[in-house]
Amino acid sequence: MYGSASTHDIPAKATTGLENEDPILLAEFEARIARGEKIEPTDWMPQLYRKQLTRMIEQHAHSEIIGSLPEGTWITRAPGFRRKMAQMAKVQDEVGHAQLLYSAAETLGKTREQMLSDLVNGKSKYSNVFNYPTPTWADSNVISWLIDAGAIVNQMANAKGSYGPYCRALDRICAEEAFHLKYGHDAVVHMATGTPIQRKMMQEALNRWWPAIMTFFGPSDKMSTHTEILMRWKVKMATNDACRQQFLDMYVPKIWEIGLTLPDANLRKNEEGVWEFSEPDWEDFKRVINGDGPCNAERIAVRRAAEENGAWVRRAMQQPKAQYVRPLA
Amino acid sequence: MNPTLDLLYRLADDQLILGHRNSEWNGLGPILEEDIAFSSMAQDKLGHSLQLYGLLHELGEAEPDTVAFTRNAPQFHCCQLTELPIGEYDFSLIRHFLFDHAELLRFEALADSSYEPLALVARKVKGELKYHVLHANTWVKRLGTATEEAIERMQAALEFTLPYALSIFETTEAEPEIISSGLFIGEAELQARWEASISKVLAQTALTLPDLRTLTPVAGGRQGQHTEHLQPLLDEMAEVFRLDPTADW
Amino acid sequence: MTGIIYLLPSSIPFPLLFSFDPRISRLELPEVPSLPTDKVALDQFPTYEVFHQRKENAAYAYVGPVHAPEADVAFLFAKEQFSRRFPCTGMWVVPTSAIKVTEYGDDQQSVYDRLPLLPADELGTAAATGQESYDIFHLKKRGKAHAHVGQVQAASPEAALQAAKAAFGDQRPVVNVWVIRSADLLRSDDEDRDMWTTTPDKKYREAISYKVQDRIDRFKQEG
């Protein structure tokens, strides 16, 4: 479950370093992408491509492992067998997605344990929405449906990107997400069309989550030089705004049809078919992504505890003679 | 209680409670891949309990959701082993090892049960239990021959857990009839097979199996007597379900 | 520390982290997190590459890597990571380091075309002794997955690649080839086939199990 490609956190004035790349190799690399072929791990690639992809896939992986926590909050309390088993399977899938994505990132040269180390030490980012809590079962349902829906919009786009290992991982992830989306929708519909207690709980959860959902794809794109390069290299496949519009177009009608309302009086589709909405509070977004959200500390503390509590197991299983080599594909 | 119901409740409650407990590890496991594997087995346990509650429902008991989410601790027939908190990974692995060896042997025997619907379920879940035991054996063999730290932890967990594990085989008044009617081979026979089965694996490790005759089983679970951990578990499990008893979730 | 300390009543000297997750509350984490620690460098398992068989008689295809200390653990991990959501009738795992990889060619071409033919004596192919079996995998298109094409007998990975060119070189396109000594592949046991047939029963993990349109329609009518 992942939103924006986070390219917005590249400093706008940072150098691309392209002037230091071999022009012939660069031209071959770009020609390969232009004719629709994928890049594989042992191919030559520009430093910027490697760096941005590593960061992007790593953040995606972190978002999955951290993203398992807000829904995991309800794993022991899901009501009834059907929900209980599905909630377990969904949280499990998020961990599975993290495994697939860390592997894809590893092919670019960074080890998985280094990435996990950066996560628990607060050196890496993950999708900002997971810094918000899930105080009720309905909040978990909102994530299952709408955050996953947003993630699918983003992942379907990225699955058409240029890096082979990331595409392979995303193909698998997208296939699994189909269950998440249907499960989430099913749970929300049951709540929204259910008893007064259920309806109230769901409406309140949606009200809580909507502002965060509107920031899920990241701030509006400022078409910097970098964005252009990354789109030409098929690292970034769709603008944040395009993803957000697609999401609103697909899901707002589905939210409204089950009698739920959205807490934005300005939300509407205009005559040109473009969704209008109140500008999200990007200052608050920045504050939270930089560490000051309601759950940042907890998310990191939990990952750290998981790492520390599991350390003896990994220590015991170490094979001193076995050499780590990065995965092939 | 009718012997069939008696047996089914014990089997189903064990699976539900241990499946629930093991799901607590999901997202918090020691290795990403292990996190996934452990969750699958927890889901399998839930699935097994659902099938067994389904058999009970066919015999006139309430719906599986009602049975699982509305009873209180004294009405549960799980052994106390299943209800203990997850603790650290050494304990969770040892519990998994001790429980699933019994479970695989139990369901292998139940495949020949005179109660055909149960025999059918037993044959269906065998593939899953085979993986559970393979998983448990691999871990016990690896950690039981690894570092001093790991061996010490696993040995301590084994010694702590065994008296609870012996309670898997606690019998009820229905036991003679369960055996004579061909429902099941009986707990004593199962325990004998289990001892042979776990001994074989432990013999390949640096772990020592204490003389089981010297241990006192922590019995009571089959009669509805439980540790202080079960009722809070049930309250937590049913927290949402009980918010609105008329709701369809 | 042993696994049993959790049963003792806790007397924690610091304020605990509040969580909406009861599982997290039970971890009894401090409200102020402990100082970050870098993971030890050794905390990194080798990787194994995993191939699965989607149905009986289908070619084994690459699905991805797992991290594991040994092949038997890699196999345990691979089973649930790669077969829990899709039908699978068998699985192979191999240490990543045991795979010989050719260079990658362009889509539509064959890397075998660029493979120089080496003299037989250099490869030891002339000698009948020391031959063993190698498994050959092809990648047909960049971004797709390697699939098993067959086995060859050879005295070295290099010779196996030459033999693969002779046996499978007419297939195209071939973007990349993996050569694996057959003895390095850990294969699922035929006796354990029942372990692989359980996935299709787990309907709660399938999108198709969630059909909610009737409920929406009913709600709209009543609304």
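The chains carry the letters A, B and C, assigned in the order they are written, with residues numbered from 1 in each.
Going forward, a contact is a pair of C-beta atoms (placed from the backbone, for glycine too) under 8 Å apart; a residue touches a chain by one contact, two chains touch by 3 or more.
Only a predicted model underlies this, so the values are computations on that prediction, with no experimental measurement involved.
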| item | value |
| --- | --- |
| Farthest-lying chain, centroid of Cα atoms versus that of subunit A | B |
| Interface with more contacting C-beta pairs, comparing B-C to A-B | A-B |
| Gap in Å, rounded to a whole number, between the CA centres of subunit C and subunit A | 23 |
| Whole-Å gap between the CA centroids of subunit B and subunit C | 30 |
| Gap in Å, rounded to a whole number, between the CA centres of subunit B and subunit A | 36 |
| Residues of subunit A whose C-beta touches two or more other chains | 69, 72, 75-77, 85, 89, 92, 96, 99, 190, 302, 305, 311, 314-315, 317 |
| Two or more partner chains touched - positions in subunit C | 22-23, 27, 45, 66-67, 69-70, 73, 81, 84, 202 |
| Numbers and ranges of subunit B residues touching at least 2 other chains | 24, 28, 31-34, 36, 40, 43, 47, 88-89, 142, 153, 236 |
| Contact set on subunit A toward subunit C in their complex | 32, 37-40, 42-43, 69, 72-73, 75-77, 82, 85-86, 89, 92-93, 96, 99-100, 103, 106, 111-114, 116-117, 120-122, 133-135, 164, 167-169, 172, 175-176, 178-179, 181-183, 185-186, 189-190, 192-193, 257-259, 297-298, 300-302, 304-305, 307-308, 311, 314-315, 317-320, 322-329 |
| Complex contacts: residues of subunit B adjacent to subunit A | 20, 23-24, 26-36, 39-40, 42-43, 46-47, 50, 64-65, 68-69, 88-89, 142-143, 146-147, 149-150, 153, 236-241, 243-244, 246-249 |
| Partner subunit B, residues of subunit C touching it in the complex | 1-7, 22-23, 26-27, 45, 66-70, 72-73, 76-81, 84, 192, 194-198, 201-202 |
| Residues on subunit C engaged by subunit A in the complex (per definition of touch) | 17, 19-24, 27, 29-30, 33-34, 36-39, 42-47, 49, 62-67, 69-70, 73, 81, 84-86, 96-97, 99, 101, 103-104, 106-107, 142-146, 175-176, 178, 202, 204-212, 215-216, 218-220, 223 |
| Contact set on subunit B toward subunit C in their complex | 24, 28, 31-34, 36-37, 40, 43-44, 47, 84-85, 87-92, 94, 124, 126-128, 130-131, 134-135, 138, 142, 152-153, 156-157, 160, 236 |
